[in-house]
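One chain, chain A, appears in both complexes that follow, with chain B as partner in the first and chain C in the second.
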Partner chain A sequence: MKNTACPPKGSEPLMSTSRHRWQGLIYLMPALLVITMAVGYPIVHLFEMAFGQTNSFGIITGNAGFKNFSGLFASGLMRVMLNTVIWTAGILVPTIIISLALAYAVSLPLKGQSFFRTIIIIPWAIPLTIVAILGDMAFNSTYGQVNTLLLQLHLISHPIGWLATARTSFPVMMILAIWVSIPFTTLTLLSGIQAVPGEILEASAIDGAKGFYRFRKIILPQITNALQLVVLINLAYIFNSFPIIWIMTQGGPASTSSTITIFVYQLAFTLGQFGQAGAAALLAFIILMGLGVAYVKVYRRTEGNLL
Partner chain B sequence: MIAAKVGDGASRISRIPRHTLSGDRVFSYIVLSVFTVLTLFPIFIMIAVSLMPSRHLSSDLYHLWPTNIDLRNYLLMWSQLPVAHLLLNSVIIAGGSTILALLTGIPAAFALSRMNIVGRKIWLFGFLATQLFSPSIIIVSAYHVMAIAHLTDTYWGLIILDAGFYSLPFVLWSIAGFMRHIPRELEETVDVDGGSTWTKIWRVFVPIAIPSIVVAGVYAFIQSWNDFAFALTLATSQSTMPLPIGIYSFMGAYQIQWNYLMGASLVATLPVLILFLIVQKRLVSGMLAGSIK
Partner chain C sequence: MHRRLWALGAMATLLLSGCGSSTASSSSSNSKQITITFDAMEYSAASNKYFPAFVKEFEASHPNIHVHLRVINWSLGHQVLDTEIGGGHAPNVAIIGTRWLPSYVNSGLLVPLTSFMTPTFSKEFYPAALASIRYKNVQYSLPEAMSIRLMVYNKSLFSKAGISGPPKTWSQLATDAIKIHRITGQSGYGLVGSQVETSLDYWYTMWGFGGHIFRNGRGTLTSAPDLKALEYLDNLIKSGGTEPNVTASTRAGLETQFSSGKVGMMIDGPWLVKEALANHIPVGVASIPAQPGVSPLNPAITDSMVMFKGPNEKASWEFMKFMFTKPIRTTFDKTEGMLPTMKTVGAESYFEKSPVFRPYLKALSGPTRHEPVVPHFDAISLAVTNAVEAAYSHVTSPQQALSQANAKVTAALK
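Coming up: the complex of A and B.
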């Protein structure tokens, strides 16, 4: 992270004498120290662990080459990767579709508009840990409120063990994750819709554009930037999600409902395989880097005046 | 209804002629009603279970609403579970990491926005890139950093991690973004008086940047309050456990006292819910600028 040898780039008309440029780093130091301790050094250490031999406390005792990576396959990497893809896509697509509908709905002049906008924030404002705990209770196999409700509505004849197998627990947890992803996505898309020039809407109405056609042909093309941003942010957020699965199934039974973040955490803190945890973390990092590059590209195109 | 400020009342959508909107409005009411029911149901469950008397809990849990509600639960839970202590832990950790993130983040934001420091763009990008990691992955190695520094199961350990991982990148980006637009003339008056850069930061820039500092601070507080992975790993005893993790740890009990757990969950939710409703409009624009999560 020490990047003192960086060449001076794109000098703006700010303070520009080279002495000043170095002195300015003093103001950065305290923040840098905290970030280095919390993230900077841990990332370096993650790399060291990935290629190192580690004992069950995570202390590096030697060099392992790529052994940790090959060991991942025996630990069930392929299943976990497949789960991560299903998890990410299965949450992202419904989240975007539902949020588009909600954002358009609350952009219209409706009665109770401010009430609905408040409701939309709620899933975001409940701590994720609490959402997962609530989900764990509501989907309990015997007394869970979801079973109670479905029994009363005669939709099922006996209680379902929602969290007992991945076939039901994975979709249940995905629904919760969609629910918590909707607020941020909706509000971002809403600000995109509100920025659509009024003249375009007026003109299209005169041309007879209505309903879904107007939404798809007139509004959607105008909000592609906002849409790209929320897709990328959501991808990283969903890919990284942890509390819902950890609290409700811990990735079980037998890691059938495990995603890469659960896998990494479990390798390290349940199984004491810190080397393999580092290797899996590195794989996740490479995937996320691709997302990061795409994000910066999209962001710079929209309003990236700082970068 | 603070949320009404999301869009300016006179949104451009209102320029769509009304008669072409009737179909859209029916559709909108249906979508919004379904979402409202699905969102209020979990809250309803939380409240219903929190009101179930302990004596009837095992049978009441099979119903959606308690047979006779017990308001004393909201008093009893404070003595049945160490809710007050866990709440204090949450306040100390979230408050501490907010203060740490602001104290270190404000000078850094100044340097990144008003000085052409060495490697400026690389710093900015580097801070943003840290947001790509999941806390549950970072903690695998951050745990060792904290163990070496003897900071496991301490407030300081969680304060540093929360500030460095959750808050600082957002604080830096959003405050730097705000400070960038402060006119140069204000700075020059201090230069003429011969004041130091520190005076300039705290006396001139901070008072002007207060709106962005408040939002960044609230964001930092919420993020730390909502942390799961760090506290799950580092707070191994109740002495440092924040409230949400504490509630989770009670789920391991032989007979889970869901009524008290739901009451405590309401306590853990309310502060964040209120903060959210106050700043949510600015949070969205700030998050787009400063964070990838």
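Coming up: the complex of A and C.
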């Protein structure tokens, strides 16, 4: 009798788990709603704009099919994409290499370790707009400190117009972008290095591993997750960066230093071509997503041996 | 669990109904209170002080009207306004670049001010100021800020180079500019070759050569005067008549150089004279040169104040009228170094006797020209800026650059 009154063995935990799942989902609903609104809606709207006919205020008035995309090539999309690739690769690779070196250096038990860790954070504390304005002043051809210093050191014979052509302005802006990207990257990698179990480091030390060999063979394989994270975040951040170029050259002269974000901004807010701007932004989004997914896949396939 | 959810739901309903009733009661208690939105543009850091002060003063004299003020950075102004309009939240009153006027008018967003403006009110403005912002023969806006651009020259550098006075023709300007550079080592002519005002600095020369941006709905950048003007500027750069690295020179940067005595002459507004005199640089002001046979016309640039269609148009007009009273205009023009657009302000001794304003006010009564008020002018300006920058940086020849830009200008005009 007692046995028949009881539920079948194992059914109570199952019901309980199922109820817990629903409860969990209910608790997650506010966060899910916020994420849907904040991320999902802009993406849907981006698609609407890219394939829509828009007026000069960005209001969708009809369907344009692929017309917005075909107009992009005549507007100089290819040159802008090439610039974006150079910009992204030229900042991402040096940032990762320098940050790895710095993270490893400040992880070592050296004198003044906390001082150096603080110094590394400083560029992060300065707003990007201020960095760009200071950079613009420093590299000014007439009164910039860089020219003044180089002239005083007799390294140049006449002032250089750093921002006058893309050949010099692009590297200058990339140096500034690397400078501001280093703090976050270094700190994230440093936390990865600090999480490496002490026993592994001790064992490797006993086995005679030291210097660069110790870093490459012992530490680097242990921080693959942190490395993957900083590459992905920096990839998106650098690809989409705007303030430095906009403040220093506005993509000029003659759009030669323009990247995809400057291109999209000018299409939308200077030319009032919101449909084309949406199409360009959608292309950039797809390329970035593709790059991110490809990177993660290759990274996993090579088990972290890819930098 | 269900009970908890019900309880949460009930609490939320209570909170929402509580919010609703509180809003309703507050609106009913202030049923006569009208709120209008005013989008002002930031001319300088001082704008964040005088615009709130103007609003406060207006509200004190109009207790039933509350003005919600937003002071927007000029460089973001167009974007912010378009975003507000796109989102269905256009302001009641706004300061705009006159270049943006046609697209707002053609989209049916602006209230024509002709029905509000009495003849007495209209007569208070300089006719040139009102005319410069008229679109399709209708007054949709009031002249918020006006500046005429003239040739400002450094008397000291001219004297050192042995030049007796400002150039009257562009050919003379080239000779003088090269001479200044050769003798004093400073830049002869300050030419903007970077960012948005590049096109404007080209237009000064192009107009002086008798050229046009477009005619009869088609670009005319490939015409002989337009091409000659760009080739002239390109040669001036090559022969050392301008500052080095023109494609890195913005107007703001050049103004700093001029005010520190490093530029012989440049075309600019009264604020440059004010800044240079403050730095003890002896300056003279003259008309913009023109080639023989071309009548010299000094370009005037005006910003507009407009009223967007919507509720509370009467209250909006009350506010606009207040913003065009003598004390408000005087404060604004004095602070920002702008030319008075109203006769009563211009007649004040501060402006009439001022070495800064006097030559500009005199030019205002002479022949002037304005940037054309046509739709998509920003697109035209960007096309010309890119073309001129490409020619200055030798990416393409002047002819190729103008030819490419001309197609874009014609497309923008369609």
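The rule is short, and it goes like this: the second predicted complex is superposed on the first by the 241 of 307 C-alpha atoms of A that agree within 3 Å, B and C clash if a C-alpha of one lies under 4 Å from a C-alpha of the other, contacts with A are read in each partner's own complex, and residues count from 1 in each chain.
Criterion: a contact is a pair of C-beta atoms (placed from the backbone, for glycine too) under 8 Å apart; a residue touches a chain by one contact, two chains touch by 3 or more.
Because the structure is a prediction, the values reported are computed rather than measured.
Q: Thinking of the overlay built on chain A, is A:S56 touched by chain B (first), by chain C (second), by both, or by neither?
A: second
Q: Once the shared chain is lined up, is A:I223 touching chain B (first), chain C (second), both, or neither of them?
A: A:I223 sits against neither chain B nor chain C.
Q: Answer with first, second, both or neither: which of chain B and chain C does A:Y143 touch in the superposed model?
A: both
Q: Given the touch rule stated above, what does A:M174 touch, chain B (first), chain C (second), both, or neither?
A: neither
Q: Of the two partner chains, chain B (first) and chain C (second), which one does A:A31 touch, if any: first, second, both, or neither?
A: first
Q: Go through the superposed model and pick first if A:T270 touches only chain B, second if only chain C, both, or neither.
A: second
Q: Who does A:T256 touch here: chain B (first), chain C (second), both, or neither?
A: The second partner, chain C, only.
Q: With the two structures laid over each other on chain A, which partner does A:P42 touch: chain B (first), chain C (second), both, or neither?
A: First partner only.
Q: Looking only at chain A, is it chain B or chain C that touches more of its residues?
A: Chain A has more residues touched by B than by the other partner.
Q: What is the contact status of A:I91 with respect to chain B (first) and chain C (second): first, second, both, or neither?
A: Touch partners of A:I91: none, neither chain B nor chain C.
Q: Share the list of chain A residues that count as touching for chain B in one structure and for chain C in the other.
A: After superposing on chain A, chain A residues 26, 58-59, 143, 268-269 contact both chain B and chain C.
Q: Note which residues of chain C are touching chain A in the complex, please.
A: 1, 5, 78-79, 82-83, 85-86, 103, 107, 193-196, 243-248, 253, 256-257, 262, 376, 378-379, 382, 385-387, 389-390, 392-393, 395, 401
Q: Taking the touch rule as given, give the residues of chain A at its contact with chain C in the complex, in rising order.
A: Those in contact with chain C are residues 19, 23, 26, 55-59, 140-143, 158-165, 169, 249-250, 252-256, 266, 268-272.
Q: Considering the complex alone, what residue numbers of chain B touch chain A?
A: 1-4, 6-8, 11-18, 20-21, 23-25, 27-29, 31-32, 35-36, 38-40, 42-43, 45-46, 49, 61-64, 100-101, 103-105, 107-108, 110-145, 149, 160-161, 163-165, 168-169, 172-173, 176-177, 180, 197, 201, 225-226, 228-229, 232-233, 244-245, 247-248, 251, 258, 261-262, 265, 268-269, 272-273, 276-277, 280-281, 284-285, 287-289, 292-293
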